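The same chain A turns up in both complexes below, where it pairs with chain B and then with chain C.
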Partner chain A sequence: MNFSQPAGSGPLHRLPPAAKLAVLFALSVLVFALSSAFALGVIAALVLGTTLLFCRPALRQWLASWPLLLTIALVAGWTAFAKDPETGLVLLLRLSALSLFATTVTTTTTIGQFIETITALARPLERIGIGNAADIGLAIGLVIRFVPEVQTRYRAVIEAHRARGLKIRPATLLVPMIIGTLQGADDIANAIDARCIRPEHAKPN
Partner chain B sequence: MQTRSLVLIALFTAIIVVLGLIPPIMLGFFPVPIHAQSLGALLAGVVLGARGGTLSVLLLLVLVAIGLPVLAGGRGGLAVFVGPTAGYLFGHLPAAFIAGWVADQVSKRQLNGWKIFGGFFLGAVLGVVVQHVFGVLWLILYVGLAPSDALIGDLVFVPGDLVKAAIAAYAGQFIAQNFGARTRVA
Partner chain C sequence: MDIFFDKAEARFGERVVLEPVSLRLTQRRIGIVGLNGSGKTTFSRMINGLVQPAAGRVLTNGCDTAKDGARVRAMVGYIFQNPANQIVLPLIRDDIALGLQSRRLGKAERDTAVMAALDRVGAAHLADRRAHELSGGEVQLAALASVLVTAPGIVIMDEPTNQLDLRNRNLVARTIGALAEDVIVISHDLPLLADFERVLLFHEGRLVHDGAADETLARYRALAT
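So, the complex of A and B:
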């Protein structure tokens, strides 16, 4: 897994993430309110133009996400075949414009900015007593930290199967992987508490 | 939330991510590849319980939203949330919750092997059903497919998902018997 950070400093990169997300939401409402192929074609062209002007890597990223494009093409193709070509075209324009813009937002926003935005959005929840906004960043960091660890464990279990000449079956693979990973939870939790990363939850002893 | 619960949730999200990265598991008696990522969501519910499982899947969706390539095939980013199959992605949340809620009820009672498996399996199947309802409703209401078309497209994936429910229940039963309630997020 590679966590490539989007690089660049175009005007889209400088916009606050919350504004980009608001535009994405507005766009999704707009494309579903419109139902004429012409209007949607104009919107799709605008989105494509914006991406070409300000953020070409997003277009490359979008073309690389072929499983998504394939499902869009499949539903649009089926609709064109089962209903009529115009409905299929409307569907194709709608979903591709939306997914291209979503990819642009993802490409022009760093993971750090996203985490800040989510934390800021979670502050009101914290005030009414649900959860802790700072925990979101900590949890995301923990996952990124432990994915390679779990991958290593997965490989170790596969090797152990090979060494014993056992067939790899879902249960014999999943159980050791899950138990082995979760057993570390106490140590990790103690390490977090020992470093006072969540001061409000420090253990009394 | 205790730090330990937070760590359990994050570790299980890491497990779900890795299940999406590994090649599909081939079952001996079933000539179909089992993609392990949606299995991971059911397992999260069965192993961590309703609260932990739902939060673990929610954390996965947050990782997807911020653009990390954590879904099967290295997908990620906001685009998957506006695609035609996003209903199944959102459906992981209630699936994990329902599978977890039933598993919580089962593990509260002192049951033996087969009854635990049966209870876990029932919960996982209910979770799968609700996930498919989400997926089909998304295809009908958001994409605009005809209900009959959406259902037919969906039915192709039902057998595989039922096998996943069985695997999740089987693995969950092993973990519940050998690891006890220590994996449940309070």
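So, the complex of A and C:
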């Protein structure tokens, strides 16, 4: 999925975020309810067509997220090998259509819109005493916000290894990434406190 | 502003990072100088309750920062040393609007407030830009707008001209000069503080001088050589 939030003004950008999330939810249910390769092929073609027509950057972004595509290919390949080719194809179409549509939704919706929509959707929960709607929206927004941050940190650590001629090992890669991400989270927490983004739950003194 | 430090001391664990300070700040423009690690940032964070006194107390406009932190933070806006760290959402318009979330304003009202805050710092053109695309000076202005939108009476800026080129430095300096709010600036950029009414000098966790800008800056220069 794309979290870099490109600006845009196409028809999909103008759709209310709640409608896009509702379609994504309905599509998730539908692709898992169907088991016909033909029907899933039609859905996948529709998703691809919609993306090509209205949001090509989403397709480029989806194709660039190779770890996701590789995982889908491996899972589908293994299923085809372990069970039968049709089941593998069903899995491939199901996950591909869903991930491409999710990429289109995130490409055409800003994090601010996500937070606003999820906060509004969570208001009924708040009314019955389960959680705080603004907190739920903010938490989901922050998770999305941190994805590119972790990607940037990963690239910086890899570059630092190369610049110093060091071999990349899991420990030397993960430790600075975890420390850096925790520091980033701490900075954001401080900023949220300092800017009174959630004043009613300010840090206990 | 009325900020009162009553023998307030700060510790990180067992280590004293700021020895007891007693003073009252009432001027509209206050500068803070000192070498790295001298306690400047800790002192400023105590004003808005981000750091709690280990002993003594700090009252900001009459509110005890230890007892009424949320209210204090609503009165005191804070811009961190690296303002990019305080921009929570990628799109500047969204990020500034986030500060208004708790007020549950309508969309039109919120958009108007966001644009008014950006206008105040001459940065309306940044509304639809993404934080990672901005220059250092623009990030400072966006962070300042995100603070001003909540209408604090006091703004604290930690090294606002740090790492800026001359053009951006001058832009930020002009913007600070034009602010109607009371301002506290921590800086190594001494010309920025030259016109301030009062400047505090910290050294090794102690307030060592408190006075007019020219004499405090002269003391700081002497200390640094």
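Rule of thumb we're sticking to: the second predicted complex is superposed on the first by the 127 of 205 C-alpha atoms of A that agree within 3 Å, B and C clash if a C-alpha of one lies under 4 Å from a C-alpha of the other, contacts with A are read in each partner's own complex, and residues count from 1 in each chain.
Convention: a contact is a pair of C-beta atoms (placed from the backbone, for glycine too) under 8 Å apart; a residue touches a chain by one contact, two chains touch by 3 or more.
These figures come from a predicted structure and were not determined experimentally.
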Which superposed partner A:Ala134 touches (first chain B, second chain C, both, neither): second
Partner chain(s) touched by A:Asp193 [first = chain B, second = chain C, both, neither]: both
Partner chain(s) touched by A:Val105 [first = chain B, second = chain C, both, neither]: first
Contacts of A:Pro67 with chain B and chain C, given as first, second, both or neither: first
Partner chain(s) touched by A:Leu142 [first = chain B, second = chain C, both, neither]: both
Which of chain B and chain C A:Gly184 touches, first, second, both or neither: both
Chain B versus chain C as contact partner of A:Ile115, first or second or both or neither: both
Dominant contact partner of chain A by residue count, chain C or chain B: B
Touched partner set for A:Arg164, first chain B, second chain C, both or neither: neither
Doubly contacted residues of chain A, that is, touched by chain B and again by chain C: 111, 115, 138, 142, 184, 188, 192-193, 198
Residue numbers on chain A that touch chain B, as the complex places them: 1-3, 6, 24, 28, 32, 61-62, 65, 67-68, 71-72, 74-75, 78-79, 82-83, 87, 91, 95, 98-100, 102-103, 105-107, 109, 111, 114-115, 118, 131-132, 135-136, 138-140, 142-144, 146-147, 149-151, 154, 167-171, 173-175, 177-179, 181-182, 184-186, 188-189, 192-193, 198, 201
Of all residues in chain B, those that touch chain A in their complex: 1-4, 6-15, 17-18, 21-22, 25, 27-28, 34, 36, 39, 43, 47, 59, 62-63, 65-70, 73-85, 139, 142-146, 149, 167, 170-171, 174-175, 178-179, 183
Residue numbers on chain A that touch chain C, as the complex places them: 4-5, 7, 110-113, 115, 119, 134, 138, 141-142, 145, 148, 184, 187-188, 190-200, 202-203, 205
Complex contact set, residues of chain C against chain A: 48-50, 52, 65-70, 73-74, 77-78, 80, 82, 85-91, 93-95, 97-99, 101-102, 128, 130, 146-147, 150
